[in-house]
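A, B, C and D are the chain letters, set down in written order, and residue numbers restart from 1 in every chain.
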Amino acid sequence: MALKTRQEYRAALASLRPNIYKFGRAVTDVTADPLTRRVVESHSRAYDGAHDPRRCELFTCRSSLSGATVHRWNSLCVSADDLVSAARFKREMFRLTGTCTGGACVGWNALGALWAVTFEVDAVRGTCYHERLRRWALEAEEAGWMVAGALTDAKGNRSLPPASQPAHYLRVVDEDSGGIVVRGCKAMIAGVAASHQVLVMPGTTCREADRDFAVAFAVPRDAEGLTVVETRRPSDGRELEAGFDVPETGITQAFLLFRDVYVPLDRVFLLREPEFTAGLIRYFTANYRAGIGACVAGQGDVMIGAAVLMARANGLPGRVFRDRLVEMAVNNETTFGLGVGAVALGRPHPSGVWLADPLTAHVNKVLVSRLPQETRRLCQEIAGGVVETGCLPSSADLDSPEYGLDLREALAGAVDGETRARAARLAEWLTVGAGVPGCMHGGGSPDGARAVIRSLLCLDACAELARTLAGIDAPVPEPEA
Amino acid sequence: MALKTRQEYRAALASLRPNIYKFGRAVTDVTADPLTRRVVESHSRAYDGAHDPRRCELFTCRSSLSGATVHRWNSLCVSADDLVSAARFKREMFRLTGTCTGGACVGWNALGALWAVTFEVDAVRGTCYHERLRRWALEAEEAGWMVAGALTDAKGNRSLPPASQPAHYLRVVDEDSGGIVVRGCKAMIAGVAASHQVLVMPGTTCREADRDFAVAFAVPRDAEGLTVVETRRPSDGRELEAGFDVPETGITQAFLLFRDVYVPLDRVFLLREPEFTAGLIRYFTANYRAGIGACVAGQGDVMIGAAVLMARANGLPGRVFRDRLVEMAVNNETTFGLGVGAVALGRPHPSGVWLADPLTAHVNKVLVSRLPQETRRLCQEIAGGVVETGCLPSSADLDSPEYGLDLREALAGAVDGETRARAARLAEWLTVGAGVPGCMHGGGSPDGARAVIRSLLCLDACAELARTLAGIDAPVPEPEA
Amino acid sequence: MALKTRQEYRAALASLRPNIYKFGRAVTDVTADPLTRRVVESHSRAYDGAHDPRRCELFTCRSSLSGATVHRWNSLCVSADDLVSAARFKREMFRLTGTCTGGACVGWNALGALWAVTFEVDAVRGTCYHERLRRWALEAEEAGWMVAGALTDAKGNRSLPPASQPAHYLRVVDEDSGGIVVRGCKAMIAGVAASHQVLVMPGTTCREADRDFAVAFAVPRDAEGLTVVETRRPSDGRELEAGFDVPETGITQAFLLFRDVYVPLDRVFLLREPEFTAGLIRYFTANYRAGIGACVAGQGDVMIGAAVLMARANGLPGRVFRDRLVEMAVNNETTFGLGVGAVALGRPHPSGVWLADPLTAHVNKVLVSRLPQETRRLCQEIAGGVVETGCLPSSADLDSPEYGLDLREALAGAVDGETRARAARLAEWLTVGAGVPGCMHGGGSPDGARAVIRSLLCLDACAELARTLAGIDAPVPEPEA
Amino acid sequence: MALKTRQEYRAALASLRPNIYKFGRAVTDVTADPLTRRVVESHSRAYDGAHDPRRCELFTCRSSLSGATVHRWNSLCVSADDLVSAARFKREMFRLTGTCTGGACVGWNALGALWAVTFEVDAVRGTCYHERLRRWALEAEEAGWMVAGALTDAKGNRSLPPASQPAHYLRVVDEDSGGIVVRGCKAMIAGVAASHQVLVMPGTTCREADRDFAVAFAVPRDAEGLTVVETRRPSDGRELEAGFDVPETGITQAFLLFRDVYVPLDRVFLLREPEFTAGLIRYFTANYRAGIGACVAGQGDVMIGAAVLMARANGLPGRVFRDRLVEMAVNNETTFGLGVGAVALGRPHPSGVWLADPLTAHVNKVLVSRLPQETRRLCQEIAGGVVETGCLPSSADLDSPEYGLDLREALAGAVDGETRARAARLAEWLTVGAGVPGCMHGGGSPDGARAVIRSLLCLDACAELARTLAGIDAPVPEPEA
């Protein structure tokens, strides 16, 4: 039975080798340690959904590989409907957790991109990457794994390619008949602490000189030689405190140090194939950026809710902020709906997976670098100064025997002081705290998206339309540079 | 054979009774009079497309009623694909004409909305509106008609309902066994001069007191008692001049004075059914506002082209304006793609037509009230001062024997003076001239869209998400007003 | 007595040689011809102000040259207060006319810039330009002249300098002991038809190879060899009609063809001094762009008024649009107040005139390329579809004996039909008609402003602040290109 | 000698009674405790400036009261130049600290507002508040005090006035011949831990029923009965850590619990004078909101610097981000320059102090609620994902003996890993950390500003301008509600 429960999920995580670190210390049990238990809780809610009658239709689906009912994030998206459901699932996960659940997202998206590319590589090279990937995908769906996806390299000097600064990119450093040895660092990888496996692929297009960097594979999160260092997030120190200054959910992002990790060949899905990396990135980003609008829409839903809570706590009726709440909704539905539009304008790949329209998807990425920030600003504008800088005493101070009651009285509005404080802390967390999902750069920068748009934009065709309408007979050529 | 040629189209128009006026005079032949020949030319290009191998797949389709190949704008949209193709068709028409071709749009959309509502009315009332509409639709597709859609009433004082100011709304004033008599004014109706028929429906929701206003029907454009007064557009006077200061395409908007027009019953599709008007408006606006993003995207494509032409004419390479051209494209693809998203998120109506998702569609309307204006601003910023206020001598001055050559020399850039002037005039026409399509208010105001969004926005559900995440147990109710 | 009346002003204009053309025909009397009488009416209101007790304090001032009371636009601005008053005067002129009165603006600003530069040239070269300018300025104030300022050359290919394409720039082609001969074209010059004199200066920085283009001088508007061709504006054809479809005020922009115009030396204020042109442009643009925010604020005031009129005509109380009207006011006061800030941050030039702070002034220019467009959009959003594309029948149609009364009834709202139509036509004229002032590119493009900002922006100083705060000891140099 | 050194300033602070709390514990020495030492360091830099030859002209001035040279923040602003210098001082303080130094700002501004109002009250009532204030101001300048200003009450239910919920506002609860007893809470008060005194005034307009709340006075920060509870800020937990994850400067905001504090009469500057509170708020906000644009401009300067550092660290030349850096500068100079414009458009109060123009000042507040957020977004867009969510390992992890060197290697770019990390942490702190200054709501909400703009906006006058230009004779009245 492919569907797992929250308990099964956590038991599997707890059994992994403790190779995760933060603040200089190791995390023994990710499900219990305050450094990681919130990200595990967030992902647990994805498993809950599979068993919740109101959500199971969205959170599970029929596998195109096995025909079994599987967690949706373990499935291949083989139709526009599948990708739209993926978007709905992501939005719902943000609504349930207030933030990103990267372990149920990036690896899933990488699987689809690799599905298409391994199919292409095999057709050209006669290799067997696609079959290896199929077997691993079947294992993943059967095990109900969370799979973190690892693309972004450390990158170092952005004006230099991988081959000029190997230390800043993950690469193959050795191999034998049974497998390969990889070394290097993947940076800013979301949800690793909540995942069982990591699916690794190049984060940038490789040229011929970068052959050793053109590698994709899967490893268990606790593979020998793999060290995971979790990064900080705004106000993450609160996760170590008692009290309610931070919610019970969360996301993490990690640096993955591959210190000569051995990967058996049946888990290697691309090896020294630089000419296929451009396509891999293209497929990954098209689908990812179609979906990311759903993520920020889900967080925007929670921001609307937090703003409404604060307005009510302040004794102000929603009508005062009516236009701004509509504006927030406009932002949410724009990124969500445009992502759906990108999917609907997409096409099937010969391998079976559905690929979103890249132009529309990258346009959505540009919007995602702006609209959620405006939604956030509106949330802070409605919620008031208490949210803008988290400006209220700590949970501990509200419990002070010396002055806690005075504070609680002062903080009360149309609701009691703690309720108002909790609402404010949520709004802070969402807009300027650890709940900020990082979607502006997640899955690549807006500049990268603009570069793709530029490459897809046919200025000459537009100029011809205009020339015809203007009744100009002579050609109007682009000036020499 | 349902597909008509440009010549057949124009011949049919030319045979109509001359009931169109502008500047106080009658238009005898709409296909030849400079007051109307540009709008006829625009619509002629829709017929051309049916016979153009590159466009016929988009410009024609198989009728769900007859199985025949028909002009796409005569078809019912019975699937999401149909509505997406409708959006593509609209975008392409803007690309071919630089502006709106309302005769191939509003009536088409009204047909779909009436299709659904007549189905509902008949089911409840046992009436036969749906069958009447089906017959008329079959006649329309067979004849290959252009059908203007007339919704907007004169409205008068916006704070009063129709029944309080009957002179400002179209209404039934009499009837006999064979038909009804209608009186009143429909305002700002696009493309009438290029249409064979007018499909009329209420422009606002009617209450019980407004029964006589809840009427829908079709009439030939030259029906007895119908007087069409065309409105002005910016710089429309140029259409009466020789020279190139205005393109050869165009759109018109008219006031339709119904001065006791008799409509036979077989063309009456709704009669005194106020309770169904809300649904009719809802269906009309959902689909219309899903599609309108395609219109402005098409005009935006031409604005990109005009900006590129001007940059080239000024000797400046596109790279100087690269980021702004990308920005224009982002605006275009956002409204286009979000409209597609609204369609994809829609659902089929039991009558067979596809209805776009209203929330997403109305969000798109809000965007359409902003993004094209920014695209326009960018076009003017790139194109320079010559465009911003049309600041160059008239075509007539360029031909002056006394100083025309001096002007042409002065106006030349990287291209000759007339080419630069033509490009500038196109950009002017698109951004501050008769080519401005009027999409901000076309099909209803952005405020109307915001009102719908507000009604569809579930603040309480969002507040509950937030309350749960914040760990608040007590309810946080909306304050009493 | 330096102060002139409207009658004296117009008499002086009427006596000039008829060298103005539009639509291929000559204008005999600028004060009466419908092609030019509106711009003359606009400027007449500046003279009215001098004799209006409510405005004379703003519209006149004490000359720093003669001590006499003069029209403000004939004075030198020798203090921050003078420049702020100039800004207030410009705003008030927009409020009185709804558009630009360029004859009371550009020449005035050029005078100040030349005042400073001639002072500098004389100090370095031992020339006597400053004294010549002083005498001309005294004559101008005594005569109460309107003085159009002519900077912008035809420019041709923007990537080439003047010397590479002499036909596209004004230049000295000959000289004798008494004067110089100039040839070429100045383009888009505002208010010439309403001016007595034209003050000419370079529109771009000249290099050594461009010596002949580095020339400044004054000529009467009807100088021998000077041909003025007025350009079109949106909907300018309406100015030839009867009826109310266009207001009674207006602005013009002209191409000035200098076909070997002889300028006596006492009117030559700069001759072949390329190294001083950069400063001249710098002084001109700093003060001009500080003031231009006042212009668009004045037009914005009228746009607020037009929007309010339309809302009232539609029977809608102002409160419905309250937030948007505030937003329009925010835009108006931002550009106005920032211009005042630029003045207050300025400094006196050794020659006596006050120079605005260039960084702030150019920032204001960037805002002027955006905020008024948003104000305009809001005006159209409030005013409705009738304004967006001018969508109502012509004035002539409202007078039609056949259907005029029906139209008037249809157009009526909370006011009669003609009142509503007049309000709509004003809003159209302001936002998409001949009243659009052209401030985005007027006085130079926003790109030019951004280039100046870039040159004034000290990135290294900012980086040092950040480096210190970050506690970074090592230098962080700019990467090699 | 009024000018104090950093050492004298800190010694005076250290001698105060320990009445400051955070996280449930008391701060014994604000100059040393990690909870407060950063805010003290920030304010120390204001004293440094007085003794720094490059800054002393700006950081000190001649007292209009005593003629002595004093710290600028202890002076009265009696001219437009004084207020512009105040703005420059604020901007420079942000540049030196990266954040707000509220102890050198709010009390200073309250002093000016009270100066005007006490003058007015005394004139009407024959009281002696003005003289009391003068004496206290002299003492403050002589002592070189930092003076926190306390306006904002806890406010509770925003739809109820103070008298309906006394617990949420500061009020007089008792008095005797020598003084008054005050009780209640002031919330979100900046810089208290770095201040010697607190100047208290009403934060809202009082009506007659709110007499007891209409009170203004000064108390030492360690007054008996006053308990200060510092609030949290984003990522403030880092201030308790070793390492470089947070800069050495900072700001604090506190809740001030007045638990029956006795204030001697010579420190009471307003007592039960509700009718003067509206003016007090008006004067305070006009000057405060004129100046706040300088604060955010200063922080924007640092954000430009941080973005440049990150770009360089990433090996990217500034030219890649040229347009965005210009955009950031446009935002900075807009709010700075508009504040200067508000000052220049102001007027002197009869009491001697200069009052900024309220319309322009409140418009600036609206801009301050938007432009810095956009600047912040641009900083994050340029700086990359590492900044957006603080996504890099902690300082402690970089020092890990187990994997620290690997991380440092991975993080290196065109600079070493720690340098890049430090730059990223600064950008994070500025945009989503404890350095966010809180200017959107600081000194009142943007909604409050909009309400003032609305009240100052003369819609009828604008409508009259439009009516005249449109040639409408009849009045066009506002519809009845």
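We adopt the following convention: a residue touches a chain if its C-beta (ideal position, glycine included) is under 8 Å from a C-beta of that chain, and two chains touch if they have at least 3 such contacts.
Everything numeric in this text was worked out from a predicted model, so none of it was measured.
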What is the chain whose Cα centre is as far as it gets from that of chain A?
C
Averaged over CA atoms, how far is the centre of chain C from the centre of chain D? Could you give it in whole Å?
40
For the pair chain B and chain C, the C-alpha centroid-to-centroid distance in angstrom is 37
What are the residue numbers in chain C that touch two or more other chains?
157, 159, 315-317, 323, 414, 479
So that we know how the chains sit together, what is the shape of their touch graph: line, ring, star, complete or other?
complete
Would you mind writing out the residues of chain B in touch with chain C in their complex?
21-24, 152, 154-160, 167-168, 185, 187-188, 227, 229-238, 240-241, 245, 253, 255, 257, 259, 314-317, 369-370, 373, 377, 380-381, 384-386, 388-394, 396-397, 399-400, 402-403, 406-407, 409-414, 428, 432-433, 436-438, 440-442, 445-447
Chain C to chain D touching residues, read off their complex:
80, 84, 95-98, 244, 247-249, 301-302, 304-306, 308-309, 312-313, 315-319, 322-323, 325-326, 329-330, 333-334, 336-345, 357, 359-360, 363-364, 366-367, 414-416, 419, 422-423, 425-426, 450, 453-454, 457, 459, 461-467, 469-472, 474, 476-481
Provide the residue numbers of chain C that touch chain A in the complex, in ascending order.
157, 159, 323, 479
